[in-house]
Amino acid sequence: MPDTASLFNQLGVVKRHIVRADKAAIDKLSRFGVATIHEAMGRVGLMKPYIRPIYTSARVCGPAVTILLQPGDNWMMHVAAEQLQPGDVVVAACTTDNDDGFFGDLLATSFRARGALGLVIDGGVRDVADLTAMNFPVFSRAVHSKGTIKATLGSVNVPVVCAGAFVNPGDVVIADIDGVVVVPAARAMDVANAAEKREALEADKRAQFAAGALGLDMYKMREPLEKAGLRYID
Amino acid sequence: MPDTASLFNQLGVVKRHIVRADKAAIDKLSRFGVATIHEAMGRVGLMKPYIRPIYTSARVCGPAVTILLQPGDNWMMHVAAEQLQPGDVVVAACTTDNDDGFFGDLLATSFRARGALGLVIDGGVRDVADLTAMNFPVFSRAVHSKGTIKATLGSVNVPVVCAGAFVNPGDVVIADIDGVVVVPAARAMDVANAAEKREALEADKRAQFAAGALGLDMYKMREPLEKAGLRYID
Amino acid sequence: MPDTASLFNQLGVVKRHIVRADKAAIDKLSRFGVATIHEAMGRVGLMKPYIRPIYTSARVCGPAVTILLQPGDNWMMHVAAEQLQPGDVVVAACTTDNDDGFFGDLLATSFRARGALGLVIDGGVRDVADLTAMNFPVFSRAVHSKGTIKATLGSVNVPVVCAGAFVNPGDVVIADIDGVVVVPAARAMDVANAAEKREALEADKRAQFAAGALGLDMYKMREPLEKAGLRYID
Amino acid sequence: MPDTASLFNQLGVVKRHIVRADKAAIDKLSRFGVATIHEAMGRVGLMKPYIRPIYTSARVCGPAVTILLQPGDNWMMHVAAEQLQPGDVVVAACTTDNDDGFFGDLLATSFRARGALGLVIDGGVRDVADLTAMNFPVFSRAVHSKGTIKATLGSVNVPVVCAGAFVNPGDVVIADIDGVVVVPAARAMDVANAAEKREALEADKRAQFAAGALGLDMYKMREPLEKAGLRYID
Amino acid sequence: MPDTASLFNQLGVVKRHIVRADKAAIDKLSRFGVATIHEAMGRVGLMKPYIRPIYTSARVCGPAVTILLQPGDNWMMHVAAEQLQPGDVVVAACTTDNDDGFFGDLLATSFRARGALGLVIDGGVRDVADLTAMNFPVFSRAVHSKGTIKATLGSVNVPVVCAGAFVNPGDVVIADIDGVVVVPAARAMDVANAAEKREALEADKRAQFAAGALGLDMYKMREPLEKAGLRYID
Amino acid sequence: MPDTASLFNQLGVVKRHIVRADKAAIDKLSRFGVATIHEAMGRVGLMKPYIRPIYTSARVCGPAVTILLQPGDNWMMHVAAEQLQPGDVVVAACTTDNDDGFFGDLLATSFRARGALGLVIDGGVRDVADLTAMNFPVFSRAVHSKGTIKATLGSVNVPVVCAGAFVNPGDVVIADIDGVVVVPAARAMDVANAAEKREALEADKRAQFAAGALGLDMYKMREPLEKAGLRYID
């Protein structure tokens, strides 16, 4: 766990220096889909499937700058903007379930100007037509026009739980139409390598399947199925 | 509140003459998005975010002709058709939560022939491919093929609660990918003017954000954040 | 009910020979939408509306090869692949509610190679971008990258309840953007004929509506509405 | 509609003088259950069924003092306390869906000291064991310990939409294990009288049912059922 | 499958003579809980867990008289009353998801007078305080006061899908605080015997667990866990 | 963060030695309710409110022994039993959302024999009547009879995300009717002390409220409300 661990869920804090995952690992991870990376990690690290992209082709991969929001309040979005570096992905959690529209095209303009690549938010967003036109990828729990205030402190760059996933600032966040996966910074290159291997294997399997081979034979399942008691009847 | 107020939630009634919001105000409102109008109204008037467009580019703005449906029964849709005037938007509430397919391409053809621009319904719709091909905007709580009957009286042009929003017949309903907002007829021009002002301001802000300015500085947030106790750490 | 009825919900069984609905009936049904067929059947046979297509134009019609899955386990998908015949539609139920990603592009490649046309699943799927690019229609309760194991027996070609609908292997399953409907094999041609009649009538009604006619008059509703007590006020 | 109508959904307002429903009507309504009153009103006026009592025997009837809350903020609860009169029932709506714990035993102590009888809230509550021990009836959308702040203005005694029901301050709110119903102040005595009549009829029906009579005969349903086409088979 | 199978989901039909499960099997099943019976059946036959008892001690076991309801319409409840025999359990499905209050204390009085033991309904109920006082067990998807009409035909004693479970009239339905399980009539005695065996085994296991034995040893799990790769670390 | 941090979400691991929170801190925390402790922690640490007790008076406080389950599989429950020490509270997370009945009276007997005080589970439980009779407190996302298998490795005593909260083995878990809160072991005594202070203050406030004092005056809210723009009207 990175040095920010003791800050988990703490409110009223902005951590300025975070250790972002290795650039090469991020670049490599960016070549794979969420499902592949999740498998390469050992089938963990996914956010809940209620987080959905605002447009079909939305895709993003980068180190997380985290935000802990309060319900109905997007003050910390502006605080976070200052901490962004080129290539970052903003991950916004909230202290409670809330669908309000914390984010729209103005903040997207600001985040992009700072170099951020996209946003994953366990909350609502708005200005979806503009965000789509900007090709700014957002993954959210809701689309909602509900405006937010700027009154209560949350935090920036503390570890958070976002849509069921634990996210440390600097972890790699990959999001596409299949969901969102979080790769701990320390494991980024290992996972990227494992994903690469997995994908290489898949190409071969795909060819076999396309040629009409059965998984029953390719994976040698007939014996274990029989042992488990599977009965074929007519 | 308009003169229909005493009819709130009453069943078995069709009000023939309603006071539609001012045409100029509607025209002006039609230039703005739902999020902007909601803000211009003071952050109220939104329907719940479970109401979603059946296709991405669906958009509508016009005075509401309201319907109060019974579950599994779309009789009042036909009664409402007769009350439609060019430019109207139909807003259909239901006496209970129900996802049945109250509306499809035949009714859309009828509504359009009468001049209606679209439908917002706290219920289900079907024939979505046809409705999309017709470019007839519908915002609904569900897509469902379930057929409905014509057996029980509801009402037309009584005030209703639709997806959490109170709607008087004649109020302006604006719907787009960000949701649905209801502007009381009496406030329509004021809200349109406020939306215009807000949008003008946003253009300037967008330019500043695009140039790399921070909300922290633009909105002078640094002092209140410090006063609130925000701590920066390394 | 077909001869498989006694196998309802039984685990650990693969039925090799099922009686698929008549090819001519399937061909005829494939010309109609889900809403029309559901009406033609007498307004029954629909799956719950939470089953949604992974892309807008997804559409499928064919005899069901059924699978009963265990949560988090897609072993039976591979067992089912061997039982597929050209034109089949796979219908996968689960012994409990589960959103895991039971199906992706490799299995789709296998299913297609065996001749299957598509999948309806009361569970999650992944590799949605690939499935869309392949134009392989899938209707699911969720999109989720969560990987599954191959450890527990379910069944293939036993009758199942899938998303609230009872499905016998061989029944015709029609799915489009309006939902999923199941036509018992024995009724397939009757329903196809009824759908044809219904659609013919609709063309005429559509023309009348487009010309401005009211349902009130077309369906002679004015008298029953009056009898039911509908009051018109000004 | 009462004189507060123009204040619907307005923020930042406290109305000090509201017209409470007639005391005699409230007393009479308090003798009937929610289901009976809802029927007596013509089957309207119910809140959504997700509002549930915190303990089984919770029951309340009185004129509404309304609150419009902001998400995660219970400031207006304290503002409302000052406006309470003996016999009042507090009805708290929120500008968005929010399950935070807006209310606990301290506020209940305050409300009770001011004479309030109970609370209906489209939000969360906490200290449920204490509230139960106090026998302070609360009907809520959630039980949640999540604390709230005091930072943003809502309103007191403006008309609100609460859990799908429109509530004017002064309307009679009746809540029991069957749900929550809102009776407009102007209709309170009429509804109470209708409820009384309905209940009288029910006693007689109950006796007939207990003696084995069938609704088919009591309500003369056999003929309409036959006309509708009901077939009896063996 | 019983002789009613061809009537599955058919509307407008009342079957007068159904084959109820064997009385001795029902009596024996009534001694076991839902979880035990579900296991004895091979882990199938459960309704979805959203069906909950209206009071904690509600419990029922008997042959099903089935009802297929239309949304917002309880006409078939009265039709069903005439078909009830002492010991029956009413199972009410609906053609769509609907939480309306289809059932209350009057119908409970009628059903009880006809000998019915209780109700399982994929819909809402009301008069919960009265039903509890009567000790009339009801298992429902919602508590809701919403009144229903008597206008559209459903069916009585046709096979239905209720809360995800397939129910033939005459099948044994057992419901308690752990849920609802449906035992096909033809398997009733076998399942009862299997439940008896299972319960006998459980008594012994319970004693061993109470004495401090570990499942790891009782079920000889250590070796398979090791084989699966479980690592113990300090 | 404790030494287990690097094991977060790892599968196939059992950690035998964990550092349980200080006994004195646990004893002190056991005197306070969940809402109080959550406030004392700074308004963080709560699980989602969908976790509910199986009976009203259920209450538990102790150091967490964590389990990471696979869907439909309770193998790790037996593995965990061996790691339990007197006073422990079991916290079971799952790699995906799953309502199956992972836990019943046999496991409760085993856990109790090992000294465990109760269970918090982001999954389903069964045998609720027995568990209640045993007075074994369980907090769960569902009650469901669905049986589980023993086939796939999860973990014991690795850090997990359970119902939205991050839990390290050894952290103090407090659960009552208001929800579930997790106190990091390292902060346990500080939080206990803060809870004590808060409760002391509340007694005084409660007395003032009971005597009719207003929060407006007690908390000096009138000035900030006025500054925020609150308008009183008649």
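We call the chains A, B, C, D, E and F, going by the order they appear; numbering starts again at 1 in every chain.
Throughout what follows, a residue touches a chain if its C-beta (ideal position, glycine included) is under 8 Å from a C-beta of that chain, and two chains touch if they have at least 3 such contacts.
Bear in mind the structure is a predicted one, so any value in this text is a computation, not a measurement.
Colleague: Which chains does subunit C share as contact partners with subunit E?
Modeller: B, F
Colleague: Working from the CA atoms, figure out how many degrees subunit C turns to land on subunit D, in steps of 5.
Modeller: Angle of rotation between the two copies: 180 degrees.
Colleague: Count the residue numbers both subunit A and subunit B use at their shared interface, divide by all numbers used there, and answer same if that is over half, different if under half.
Modeller: Counting which numbers both chains contribute, under half are shared, so the two copies meet through different residues.
Colleague: Round to the nearest whole Å and give the separation of the Cα centres of subunit E and subunit F.
Modeller: Centre separation, subunit E to subunit F: 32 Å.
Colleague: How many Å are there between the centre of subunit A and the centre of subunit E, using C-alpha atoms for each centre?
Modeller: About 41 Å, centre to centre.
Colleague: Please set out, as single numbers or ranges, the residues of subunit D touching at least two other chains.
Modeller: Residues 43, 95, 97, 99, 144, 146, 152 of subunit D touch two or more partner chains.
Colleague: Once you draw an edge for every pair of touching chains, what topology comes out, line, ring, star, complete or other?
Modeller: It is other, because the touches fit no line, ring, star or complete pattern.
Colleague: Throw together a list of every chain pair that touches.
Modeller: Touch list across chains, by label: A-B, A-C, A-D, A-F, B-C, B-D, B-E, C-E, C-F, D-E, D-F, E-F.
Colleague: Could you pull out which subunit F residues touch subunit A in their complex?
Modeller: Answer in residue numbers: 1, 5-6, 8-11, 42-45, 48, 95, 97, 159, 161, 164-166, 184.
Colleague: Taking the touch rule as given, give the residues of subunit B at its contact with subunit C in the complex, in rising order.
Modeller: 12-17, 55, 75, 77-79, 81-82, 99, 101, 104-107, 109-110, 112-114, 124, 126-129, 132, 142-147, 150, 152-153
Colleague: Please output the residues of subunit D touching subunit E within their complex, sorted ascending.
Modeller: Touching subunit E: residues 33-35, 38-39, 43, 46, 49, 52, 56, 176-179, 181, 202, 205-206, 209-216, 219, 221, 225, 228-234 of subunit D.
Colleague: Per the contact definition, I'd like the list of subunit D residues that touch subunit A in the complex.
Modeller: It comes out as residues 70-73, 95-100, 144, 146, 149, 151-152.
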